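Going in written order, the chains are labelled A, B, C and D, and every chain counts its residues from 1.
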Amino acid sequence: MSLEMDKPYFRLISEPILENPIFVQGLPGFGNVGKIAANLLMKFCNAKPFAELYSPSFPDYVSVSTDGVCALPRYEFFAAPMEKSDFIIMTGDTQPSFDDVLAHYEVCSEILNFLQKYKCSLFITMGGVPMTEEKAQVYVAATSPQLATEFMEKGAVLYIKGRIMGATGLMLGLAKERGLNGICLLGSTNGFQADRGAGFTVFKFLMKALGNEVKEGL
Amino acid sequence: MSLEMDKPYFRLISEPILENPIFVQGLPGFGNVGKIAANLLMKFCNAKPFAELYSPSFPDYVSVSTDGVCALPRYEFFAAPMEKSDFIIMTGDTQPSFDDVLAHYEVCSEILNFLQKYKCSLFITMGGVPMTEEKAQVYVAATSPQLATEFMEKGAVLYIKGRIMGATGLMLGLAKERGLNGICLLGSTNGFQADRGAGFTVFKFLMKALGNEVKEGL
Amino acid sequence: MSLEMDKPYFRLISEPILENPIFVQGLPGFGNVGKIAANLLMKFCNAKPFAELYSPSFPDYVSVSTDGVCALPRYEFFAAPMEKSDFIIMTGDTQPSFDDVLAHYEVCSEILNFLQKYKCSLFITMGGVPMTEEKAQVYVAATSPQLATEFMEKGAVLYIKGRIMGATGLMLGLAKERGLNGICLLGSTNGFQADRGAGFTVFKFLMKALGNEVKEGL
Amino acid sequence: MSLEMDKPYFRLISEPILENPIFVQGLPGFGNVGKIAANLLMKFCNAKPFAELYSPSFPDYVSVSTDGVCALPRYEFFAAPMEKSDFIIMTGDTQPSFDDVLAHYEVCSEILNFLQKYKCSLFITMGGVPMTEEKAQVYVAATSPQLATEFMEKGAVLYIKGRIMGATGLMLGLAKERGLNGICLLGSTNGFQADRGAGFTVFKFLMKALGNEVKEGL
């Protein structure tokens, strides 16, 4: 196998059978809210990995696992066929290098290209938003006013405070440019440390909004 | 629609009918003078948006409007058929990432390519220039001594202080390399904060120089 | 000869005859451990230079030798036919520019492409790892649990502390993605200055692990 | 004319008739020594401009001259047919953006490509080198020991202090890789301010070494 690494590269592990799945993305960021929520969703759905994304714009190191085996930074895609709606869940342990804006656009575009064949019905990005207030909230922004309203009616607060940074915002913006439907769910967090509570709040809201029941004990 | 985002990308909303329009550009910068002047011109002309430019070198965030809908950073093109002379006005809420010089050249070149079919008679860039003096002035630089002189005779001060930074200078330099006619109008400003006065001074000078009458109450 | 320098460029000095050689890499880094170990190996094996790699992502200077002759930054490849196992040894006096992550991936991928025709049986990268402990140790990470275990049994400590930075980690990660076998040997060092002791420890361990005898007096 | 500006771009003003000219380069740098020496040489030879180089990696501004006309940053090529040996002299008012190493390699390579048709007999780069000593010296490094020795015999000191930074070093290194003959002359300077004395010393040495007589009053 030749792996040139001059652009983002997908490795397909298996071909999942999914019906108009909902794409859900949670990457590292503020309070790690998005990634924590994605991990909870994967656990809840018993999602199975089916693809990996490598990119020359990811940081230049390898992680070593507890058995001494190295791995390049990567995004991982998990498939979860469910009763109500199938899911494709993407998470990762990195984002493109700080300030490499071109790479950010390229990686997000390649992900949308890759997802095209799965005919996703909805693109959901999850992240955190720094807030000083006490109350745990889930904020929503969307690719259309209708979608924003729909999720407000389900309990989210409209996010009108300005910008959504990094892949959490960019995926939504690029999805909109392609005429796709998407929302961004942002959990309020008061710090940069991993905020498991905020991650759980986003996950629970998402499940409720999509009609799934989540038991508190998860 | 496939939107690869590996280079600047234009989305045409409608095809305006214009006769050798004057191109006028005002982007964020010193005192936001250029952008403020462009906004005043758009209001004065009742200009209509007809195209958008996206670029992977623009910052990696989305802005969220008051109805919760996200949008990628972009430049917007407005058309204004007028009695004296038609206008194409370009503004935006960003410039390519700090220090990404290659992107700056590429974006400006793509804009000139895009404008080619409209057969613009003149390319005008507007910006601010930090000055300690009190008096509001409009400085001019041009692609030829004749053009510089022409606008000096209309009341501008010749800009001989050195450099014009960013897209305000680059568009003019690249226009000159293509054999096009252009001028740069710089409003003196004493700060980095939005300077509405300087923006209005530049707008008013431009209108007068082009033979349009502006009422003070705008 | 035309040397475009828009991408990494190999110059072949001679074509070595080697049988499934072991590739060993030691570049500048923590305590210069990898480079020192590579130099000791080259001396031990009486290795001969057979190729050079230039890259536009290497720093923009030339080094001048004692006879006043300039040379671009480069990686050098040395061949050593040996009784037990042949070696290809790579060293250099630089790494791609700080933070140019894309270049790091490209250079490492081009090296793996170049090495393909020599059908290397094993890829070994050597480096240093900052440690506060006194005892000189050699840590190992690998492309598979079997390889990691094999070198642990020969006396290395499993490296499970997280990440391996730069080309030392990246070459291993990219080799793994191509289905190649590789290990990384990291010598513990307590500083950023050149640590000849740590370099020798890594070299000696490598020789012993591969079944070569090293006399202390080298 | 279409000027895409996605890579370095040459504009030919006229086609000079030169016989195996010597290429001499002086760009901004330490003490501005190289550029000052190049300007003195152009004046001495009554050199005429025949080509310009633009690059998207040059800084994103325009300079405005005293008649208010803007110009993009550029390198300029001057031709000087002389009795003893013809010259092509290159100077400029910039170098590629700080830290854009890839651009540095690309611009220098394009210059060597451009010069190929003029069949230059020798490539000379001039610059400054920071020295604490009082005495004005000219240091030399070369593409071969023979050339270094030849210019030492003419009075230059062998430069064995390490590195030559930026285009002054890179042009020499890339010329060597193409099998071309070149030298670098470095004038000792004790500051970063423009050092006209050091520039004159380098110019005078160069003229003497090439067999031209320079009167002190220049």
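Here, a contact is a pair of C-beta atoms (placed from the backbone, for glycine too) under 8 Å apart; a residue touches a chain by one contact, two chains touch by 3 or more.
Here the structure is a predicted model, which is why all the values come from computation and not from measurement.
Q: List the interface residue numbers of chain A and of chain C, divide the shared ones by all numbers used, and answer same when the ratio is over half, different when under half.
A: Different, since most residue numbers here occur in only one copy.
Q: Just send me the rotation angle from a CA overlay of chain B on chain D, rounded to the nearest 5 degrees.
A: 90
Q: Select the chain at the greatest separation from chain B, using centres from the mean of Cα atoms.
A: C
Q: Taking the mean of the CA coordinates per chain, how far is chain A from chain C in Å?
A: Going by mean C-alpha positions, chain A sits 37 Å from chain C.
Q: With centres defined as the mean C-alpha position, give me the chain B-chain C separation in Å.
A: 52
Q: What graph shape do the protein chains here make by touch: line, ring, star, complete or other?
A: Topology of the interface graph: a ring, with each chain touching two neighbours.
Q: Each pair of chains that touch: what are they?
A: Chains touch in the following pairs: A-B, A-C, B-D, C-D.
Q: Under the definition above, what is the set of chain A residues touching chain B in their complex?
A: Residues 99, 101-102, 104-106, 108-109, 113, 140-145, 148-149, 152, 158-167, 169-170, 172-174, 176-179, 184.
Q: Quick one: in the complex, what on chain B touches chain A?
A: 1-6, 11, 54, 56-72, 97, 100, 103
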